[in-house]
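Just so it is clear, A, B, C and D label the chains in written order, and each chain counts residues from 1 on its own.
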Amino acid sequence: ADVQSGVDRRHIAIDRVGIKDIRHPVRVSDRSGGEQHTVATFNMYVYLPHNFKGTHMSRFVAILNSHEREISVNSFKEMLTDMAQRLESKAGHIEMRFPFFVNKKAPVSGVESLLDYDVTFIGEIHNQHPTMAMKVVVPVTSLCPCSKEISAYGAHNQRSHVTVQVRTSDFVWIEEIIDLVEAQASCELFGLLKRPDEKYVTEHAYDNPKFVEDTVRDVAQCLNDDPRILSYIVESENFESIHNHSAYALIERDKTQTPHSST
Amino acid sequence: ADVQSGVDRRHIAIDRVGIKDIRHPVRVSDRSGGEQHTVATFNMYVYLPHNFKGTHMSRFVAILNSHEREISVNSFKEMLTDMAQRLESKAGHIEMRFPFFVNKKAPVSGVESLLDYDVTFIGEIHNQHPTMAMKVVVPVTSLCPCSKEISAYGAHNQRSHVTVQVRTSDFVWIEEIIDLVEAQASCELFGLLKRPDEKYVTEHAYDNPKFVEDTVRDVAQCLNDDPRILSYIVESENFESIHNHSAYALIERDKTQTPHSST
Amino acid sequence: ADVQSGVDRRHIAIDRVGIKDIRHPVRVSDRSGGEQHTVATFNMYVYLPHNFKGTHMSRFVAILNSHEREISVNSFKEMLTDMAQRLESKAGHIEMRFPFFVNKKAPVSGVESLLDYDVTFIGEIHNQHPTMAMKVVVPVTSLCPCSKEISAYGAHNQRSHVTVQVRTSDFVWIEEIIDLVEAQASCELFGLLKRPDEKYVTEHAYDNPKFVEDTVRDVAQCLNDDPRILSYIVESENFESIHNHSAYALIERDKTQTPHSST
Amino acid sequence: ADVQSGVDRRHIAIDRVGIKDIRHPVRVSDRSGGEQHTVATFNMYVYLPHNFKGTHMSRFVAILNSHEREISVNSFKEMLTDMAQRLESKAGHIEMRFPFFVNKKAPVSGVESLLDYDVTFIGEIHNQHPTMAMKVVVPVTSLCPCSKEISAYGAHNQRSHVTVQVRTSDFVWIEEIIDLVEAQASCELFGLLKRPDEKYVTEHAYDNPKFVEDTVRDVAQCLNDDPRILSYIVESENFESIHNHSAYALIERDKTQTPHSST
């Protein structure tokens, strides 16, 4: 009577089957030494061989609820192995997306405030071999070099999302990716700015104009230079202030596979 | 056996009952004399007296499909009356939200391109008396006066959404509301800009800095001055380029109810 | 040089001005005696009299960051008063929207798992008098009575969102609103269900068919009967499994204003 | 002074650069012989070699506005070639996502109504060689076989999105993909259903229970059997009526690359 455990005769394996968009509390370690509490949305999938009729959906939810109330990065890794075992699958995939906060100091006044970033941990397991990737969406200011050059005064600028996804050979803090991206943007964002800070960020952005192409290339260059980064995808989406559409660029590179092509 | 037509004994009337988020093709007249084809999302509700167990959900969909394939503004008005009659209700409400396109000329080169706006028609009927309101979301550039004043050069700017909802005594084109808002913004948006146009919009925004407070007040002033406007809500949301949050302001006024208060 | 503090000559007051969509960590008390950590999205607005040119946007963010890292319900209330004072306004409004988790036991097996709900606290202050409202979105199963009655077997059912917004005279737990709604639905939802639980929820929903009209009325009746509830809005949106649109109903009532009308 | 045309010395090519989320009116041919007007959201990207500083963003928008007001499938194909030429790139990518309507007859009464589907055309061009793919999101009913088997009566069911992306050797109508998917679902959806139709769809879904695994496999089998389909991705997301999360499955296959593996 266990419908899912029957034999399937369609001879078609399923690449991914599981649960999607389930929320759960998590806690994540800070570079500052603390731990922050946040809420994640999980996707959990396994590979299903052609001869099994179905997977056991409830086991995914059971795994999610079998750790402490708040899932930590350590339990995330255990969940990958646990899932592959309990679902008897050779391959599995877990995504955990959550807002992450960094306490930032305004550039001149030093007043502190939190800024939020969207972070996703992506775990894969193949034949008991787990790998981890991390994706961080860093909101920044971008200021257009062309607009600056051709205009007698001013330059259009806007909020942009720079998204970096990395696979690494070693531990990398979320904050390291954030720092790396913010250093390459026209200017970084802050929650709280006093007047001298606002003067600073305005002038700083004007002094550092970047096309969407510049942003992704400058971030890519930093990722090329960091030996811990094995592969990456860098995207920038500029929510143009003079148009009702975005400017967009993407660079993808797997350092383990390809020599650095300059074509 | 008609479950919905039974008598209800809970003695509770329902303010709105009907269907939500159903898409249908529509056509809308241009001020330019043409008609444009677009796609709308409809919400259709009626009042249900306490003694009726349920409404007839399929009749709402039937009304939507009983006109020509593309619903026009004229059929929209007929639908209001039709709905109140066929659902035997003293009150009804229909919303129709659609993207609307305006062919704009770039300010210097004159090159043409379309820009998209989100428009909602809102029809209400009470005791056979229909009224119509219109809501238009106008994306614009806003440039911060404070940032301009305190900085040696540059000024942060960003895309903003100015939303105007109006009830009118007379016919008003969608394009009239768009023009009114765009004239009050730091600068209007365009799909296509050549280099001299980009210079123009950059400098024009710099020459017309506006706080979110200025934008809603200047738009409100124009709406105060137009005798066809009976009531309005003006909102502006600035997607700040230096923060990861929005600045927001709202003014609401019903000219038919209240004297112009200056408190 | 303080641009925002200048005098404004347009003679137009602004109903709401402030910041929108800013995220911040919060903690919320459980009925179970614990405290849960979650992440909220805040909107914070004040009234601006006609003679002031602008508000001080940075003060809103400063207020948000001036409490402990995690904002509690107590700090939320203080923030309302604080905001009205520091922004020198007679009226203010704060919304705080967050995912909230309840540990539920499956109906037969008793296995435990978390379920997530969207909750919004809405604080208003007028002339130093603060009031609070709470909005809870409760996802449930709804099963169609008509489909059950006319079909030889089966009945279409679907996920629905029942949204309840209340103003109360006394303290009410979030969980009390959740319990109240879940008791009126065809069936409540669970994260984790074993086979006997799945049998139970399937049959329980079939035994408790409800139109969208029934759900809002039955919830309204419970809210009518609770003397702590001063006013409410109840909505239900059924994401119909046989259509590509929703069925929707809404009841609004202010017990302090109107006698219970049975028209 | 043409900033974008300068030489770039970072030696990093950009995989995709262009514009994102721009809306434009389109028209699409029906299998019924007509043409329907709708509105699309476009993404347009090209490859940028390492030695070019930037692309010309305005040319993308110019291409979009250089055809008749409504872009047709024929102009879509021309746009691909045109874009690669005008942006002087060896590779390009255009996506065009739009709501598409099919006039359906209810299964018993035969009453007609429109149903909406989300469709995306994806064009790629590499060294002047264009290829096209099509993605269709088909909303359907899914009914759980396990719930049916273990329950004395009833079975939970819900709306699901079945998404099929195909590359084909020959012309395939959007409606062919829709028909193929709807034939494999527990039941297809309709805008308008009368009582005998509602009885029919309720019983039909109950007679055709499908796990998310069954749906993707049965659709995959049909795509395997159609010689015009070169490669495909099939996904199903069931918005579970008994949970607050989705069940999900995906099968991907490139017939031109791999033998049909039955592992």
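What we mean here is this: a residue touches a chain if its C-beta (ideal position, glycine included) is under 8 Å from a C-beta of that chain, and two chains touch if they have at least 3 such contacts.
Since we're looking at a predicted model, the values are computed, not measured.
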(message) Applying the document's contact definition, name the chain pair with more C-beta pairs in contact, B-C or B-D.
(response) B-C
(message) Which chain has its C-alpha centroid farthest away from the centroid of subunit D?
(response) C
(request) Averaged over CA atoms, how far is the centre of subunit B from the centre of subunit C? Could you give it in whole Å? (result) 26
(message) Centroid of subunit C to centroid of subunit D, CA atoms only: how many Å?
(response) 35
(message) Taking the mean of the C-alpha atoms as each chain's centre, how many Å separate subunit B from subunit D?
(response) 30
(message) Touching at least two other chains at once: which residues of subunit B meet that condition?
(response) 22-23, 61, 116, 146, 150, 191, 193, 243-245
(message) Building nodes from the protein chains and edges from chain pairs that touch, which of line, ring, star, complete or other describes the result?
(response) complete
(message) Per the contact definition, I'd like the list of subunit B residues that touch subunit A in the complex.
(response) 115-116, 139, 141, 143, 146-147, 150-159, 187, 189-191, 193, 195-196, 198-199, 201-203, 205-206, 239-245
(message) Help me check something: in the complex, which residues belonging to subunit D touch subunit B?
(response) 22-25, 27, 36-39, 58, 61-62, 64-65, 69-70, 99, 101, 103, 111-114, 116, 191-194
(message) Could you list, by residue number, the parts of subunit B that touch subunit C in their complex?
(response) 1, 3-4, 8, 10-23, 43, 45, 48-50, 53-55, 57, 61, 145-146, 149-150, 211-214, 216-218, 220-221, 224, 237, 243-252, 260-263
